[in-house]
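Every chain is named by a letter (A, B, C and D) in the order it is written, and numbering of its residues begins at 1.
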Amino acid sequence: MSYYLLLIPLFPLLGFLINGLLLGKLNKKIVSIVACGAVGLSFLWGLKLFFNLLALPADSRIIEEIAFTWIPSGEFNVNVGFLFDPLSAVMVLVVSGVGFLIHLYSIGYMHDDSGYGRYFTYLNLFIFSMLTLVLANNYLLMFVGWEGVGLCSYLLIGFWFEKQTAADAGKKAFIVNRIGDFGFLLGLFIIFWSTGSLNFITVFDKAPQVFAMGAGLITAATLLLFLGATGKSAQIPLYVWLPDAMEGPTPVSALIHAATMVTAGVYMIARSHVLFLMAPTTLMVVAIVGVATALFAATIALTQNDIKRVLAYSTISQLGYMFVACGVAAFSAGIFHLMTHAFFKALLFLGAGSVIHSLSGQQDMRFMGGLKRHMPTTFWTFLVATLAIAGIPGLSGFFSKDEILWKSFSSDYGSIWIWAIGLFTAMLTAFYMFRLLFLTFYGGERMDHHAKEHLHESPKIMTVPLTILGVLAIVGGYIGIPHILGGGNNFEKFLEPVMGNVQHGGEEAMVMASSGQNGGTELMLMGISVVLILASIYLAYVLYVKNIALAGKIRQSLSGLHKILYGKYYVDELYGAVIIRPLIGLSLFLWKIVDVILIDGLLNGLATIIGDISKIMRPVQSGLLRRYTTVFLLGVVLILGYFVFR
Amino acid sequence: MTATEFAIISSIKVVVVVLAVLTGCAYATWLERKLVGHFQHRIGPNLAGPFGLLQPIADAIKLIFKEDIVPDNAERVTYALAPILMFIPAMLNFAVVPFGDTVTLFGHKIDMVVSDLNIGILFVFAVTSLGVYGIVLAGWSSGSKYSLLGGIRSSAQMISYEVAYGLSIMGVLVIAQTFSLNELVAQQASVWHWFIFRQPVGFVIYVICAIAETNRSPFDLPEAESELVAGYHTEYSSMRFAMFYIGEYANMISVSCVATTLFLGGWQGPFLPPVVWFVIKVIFFMSVYIWIRATLPRLRYDQLMYLGWKVLFPLALLNVMVTSLIVLL
Amino acid sequence: MELIIFYLAAVVAVGGGLMMIMQRNPVASVLYLIVTLVAIAVMFVQLNAVFVGALLIIVYAGAILVLFLFVIMLLNLRGEKFAEKRTRLDRPTRIILAVAFILELLAMFKQVAFPGRMDELMVQASPDFGGARPVAELLYTKYLFPFELTSILLLVAIVGAVVMARRDEKDKKRGI
Amino acid sequence: MVPMPYYLIVGAVLFVIGIAGVILSRNLIIMFMSIELMLNAANLTIITFSRFLNLMDGHVFVFLIMAVAAAEAAVGLAIIIMLFRNRETIDADKFNLLKW
């Protein structure tokens, strides 16, 4: 039976082609129908295939389809082929589903923009690239999607390219991503060099034979892959592009942060988990980088005033969680969090977009407040998302985040320190998210008079996606309720054909948990986190609703720390001083000294010498046709003469 | 048949055909003048002999006795050569045209054709394509601008129409699968097998192109009196002029013969002897020629080129393609 | 008989060729080339290549050389005498080279290719040898690809000729 | 029956006449015609071999050569016309642009 996996990325590609080729010729209605329809069809087809997949027995849920041979070059054979297994199924549904909602939302959000058609063209290309990335059956095709995503992020972040900051942000995203891509590519070279293939299944089958456990080569390869992942998924040290990416239209931020782009790194690591499991060092690095990023970004988020920036840092922080999960070999937990995060983060961004839309572009939280009454739908959905990200029991974020915390505590690769920092970060998350909520929706209306008059709830086309995402943010977690709370942990089971064979730690823990031996610990840890999170929410309530003056006082007394945090640890400036300035100096050196004097001098000298020589040779070349033919004939006569008279 | 016999019979055939064609040319002029006269509601030549039948002879005598003028700045050799070059290809065409069925004379079986080439049609083409030289050289060597313009015009016209001309009969060849004129005639035994019915489009294109090939009205731009005096033979007189004249009419007759052979069943026909049928058909075709001349106005030069390249050529191509397709199926 | 025709044709061909290159007047050259071509066509027919022979006349005499004549008339070239400026050595060198070349060719024929009497090697030609049908059969089967390439070549030539010979506005103003 | 080398010799002679025409004549048109003569000398040789080997392939080659010659003539003559328009001469020795 053929599954026509090709169709999934094909629909957005068609949408892209139609909208792109007929740019400026279609009216807005047709553009939006084509764009949304394309993604919607992808989603529906993905859904159908998903159910087909469910109908198969668990261990045969791997479908590989080759569309055509792309690069046949000796031993190097790359197909355009697609792999559909539980992992990519989840990713396809998340990408196309959330992507579809964001498309719908964009119809309302971008309605008055002059680049409407262009916007949807990019958006479709983005979805196409992302679907290619998650469906690819080999690293090279994945890399194509990977680069496509990078390109689209550049196009979309710099969508309002008339604005200098937007254009700069686009370039920054692209360049920083290139660094990661470079690592990714090198990693691919190592993989191909040692296994002779780039096909996932072949590589993973061969990996145990060609790599020794924890050997230098595999460690290098996985570290390079991880470098790629840090670029795409905004981890230390390559996270700097993500906050700046806020320059793009808000739905784009939602798309980048929730459904596409940043999840690519997590997906890639989960996909390559076979390789990562063979390199414990790398796993440790992944976990440490993840937890460090989580904490680091959360602290910055505490002080930011721009609503989208707070969300951006929160994304970085949450991605840190996912990497922690990967680092402690709890890949399915990472993917689980990725999915729930996609729901609530998309919701948060779209909600923020709705707020910004209603305030005519105002993004600074200091000039918001009291919006609860004006925009009820936005408020309630936003509240749901905030509760979910904070990890309040009963909402999706709680299950996935707690899964990660528990795995980081119990897994063979985990440690109590990671757990502790993760927990602390969770508290910070709850705090800054509620700070955001309170500053935006509670308290006095601090916007200026003009903006106040324009306050309005967003149109249906924007609130409906919000509502759908709100529902998803609540129920999204229920597919992965852990055993300890009486659930079946179905999500992990579903991913088992992909991940199952490697999750020693997780499985043992699961067995322990179900037998009640270790269940007490898990419940206790869960309780601790819930209590601490509730406490930090209360703290936020006190500081930002009840007694705003106190917040200011605290800020004053800790002004040094606040300054550092507000300045984002001055990482951008550090990069500027350490990398960019010397690079400019080097370039100047290369230009003025090496290029102009050395190379040009050499070339000019050579040219002069050749010119002098040719002055001697020139008379031979008379330019006279008949003389040339005579010489030609002379040659023929000589050659023929040699053969005749030898 | 021995070689000697062959040589003798062939020589006789050649002589007979040449004489017949020359007489035919002479009386073609008479036919034309008579017909055009009647078309224009006058009588035409009627003084020399009954119905003016001796008029061509009188004309011939007049032409022969006129002074032979050669312009000062003419290229003498080519100037002298040109009328011959015009005349010879026109005559050569008749070498492959079958005039009738095989007859038995004095115990010898004699084909009523000078030479039955199995690539007869190609021969006709080759010879026709050589005909252009006479005109070009005449125009060029006369040393007169009218002649030069006429020569250039007519050669451009002939080359242009030769393409469609060749393609128009390709349909017939595709159906008949032979180049031999004899076989073509044999395939048209009954009236319904005449190729005119199987290739109507080809026939129409052939007629138009043939008129253009022979520089006849309405395609007689090269000798348009009103603009070019008389085109390429402006400077010619006397016998040289007569040769052009004969050449032109010989061309007309040869084109008519080929048309008869290709489309109208050749010498095939009931009751009457084959040769008579052949002559009847050729005269019919010639009359059509003259009729067209008397009826249609002259085309403008750009119209002529337009018709040749943009109408007839694609049409002929289409005709060949459709025919091939049908034959293939 | 055949031999006589061959000798006639050969003499006419060689003589026509020589006359062609010795003429000052290009029109005469064209006429001599036509004569040569007709003689070559006669030899083709002698070699049973009837179809190709007819094509030679149609294509060369009927089209290509008319084109030459056309160009000559268009440029109105009469027997031009070109100003003498070549060095003294040029012409003898060239003639010597040409003579050397033909001697070499003949020597090559003599020693390399044909030991013994050639007419013994002669094979009886197949019945339809040289007709249109076998040529067409090869052309549409074995040599289909070169054949198609030829059509592309012709297209390129048409486009190239049109582009090159077209007068642009500048030329029109100069009245050329 | 005419022996085969006779044809070949005629072909060779014609070919050399063509060469001589190219290198001796200063008239571009005559040079060009000499090239056509060389092509036909080659054609004659090909047809000769084709006949003596009883293979039709040679005829196909001649056919293709004629097509090439036609294309060449069209382009070549267009070039000559261009040259004449620019320089008002067809003296081959007046054109020495081939050194660039």
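Simple rule for what comes next: contacts are C-beta pairs under 8 Å (C-beta built on N, C-alpha and C of every residue); 3 or more make two chains touch, one makes a residue touch a chain.
Since the structure is predicted, the reported quantities are computational estimates derived from the model, not experimental observations.
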Could you tell me which two chains share the largest number of C-beta contact pairs? C-D
So, what's the distance in Å between the C-alpha centres of chain B and chain A? 83
Could you grab the centroid distance between chain B and chain D? Build each centroid from C-alpha atoms only and quote it in angstrom. 33
Could you tell me the distance, in whole angstrom, between the mean C-alpha positions of chain B and chain C? 29
Provide the C-alpha centroid distance between chain C and chain D, rounded to the nearest whole angstrom. 5
Two-or-more-chain contact residues of chain C, please, as numbers and ranges. 51, 55, 63, 74, 94, 97-98, 101, 105
Listing for chain D: what residues touch at least two other chains? 19, 23, 26, 93
Quick check of your reading of the touch definition: is the inter-chain graph here a line, ring, star, complete or other? other
Which chains touch, pair by pair? A-C, A-D, B-C, C-D
Across the complex, what residues on chain B touch chain C? 75, 77-78, 81, 118-119, 122-123, 125-126, 128-130, 132-133, 136-137, 139-141, 148, 151-152, 155-156, 159, 162, 179
Under the touch definition given earlier, write down the residues of chain D that touch chain C in their complex. 1-10, 12-21, 23-27, 29-30, 32-34, 36-37, 40, 43-44, 47-48, 50-54, 56-57, 59-60, 62-64, 66-75, 77-82, 84-85, 89-91, 93
What residues on chain C touch chain B, complex-wise? 25, 27-28, 31, 34, 50-51, 54-55, 57-58, 61-63, 66, 69-70, 73-74, 78, 131-132
Under the stated contact criterion, what part of chain A meets chain C in this complex? 627, 630, 633-634, 636-637, 640-641, 643-645
Of all residues in chain C, which touch chain D in the complex? 2-3, 6, 10, 13-14, 17-18, 20-21, 23-24, 26, 29-30, 33, 36-37, 40, 43-44, 46-49, 51-52, 55-56, 59-60, 63-64, 67-68, 71-72, 74-75, 77, 80, 82-83, 85-86, 91, 94-95, 97-98, 101-102, 105-106, 109, 113-114, 117-119, 121-126, 129-130, 134-135, 138-139, 142-143, 146-147, 150, 153-154, 156-158, 160-162, 164-165, 167, 171, 176
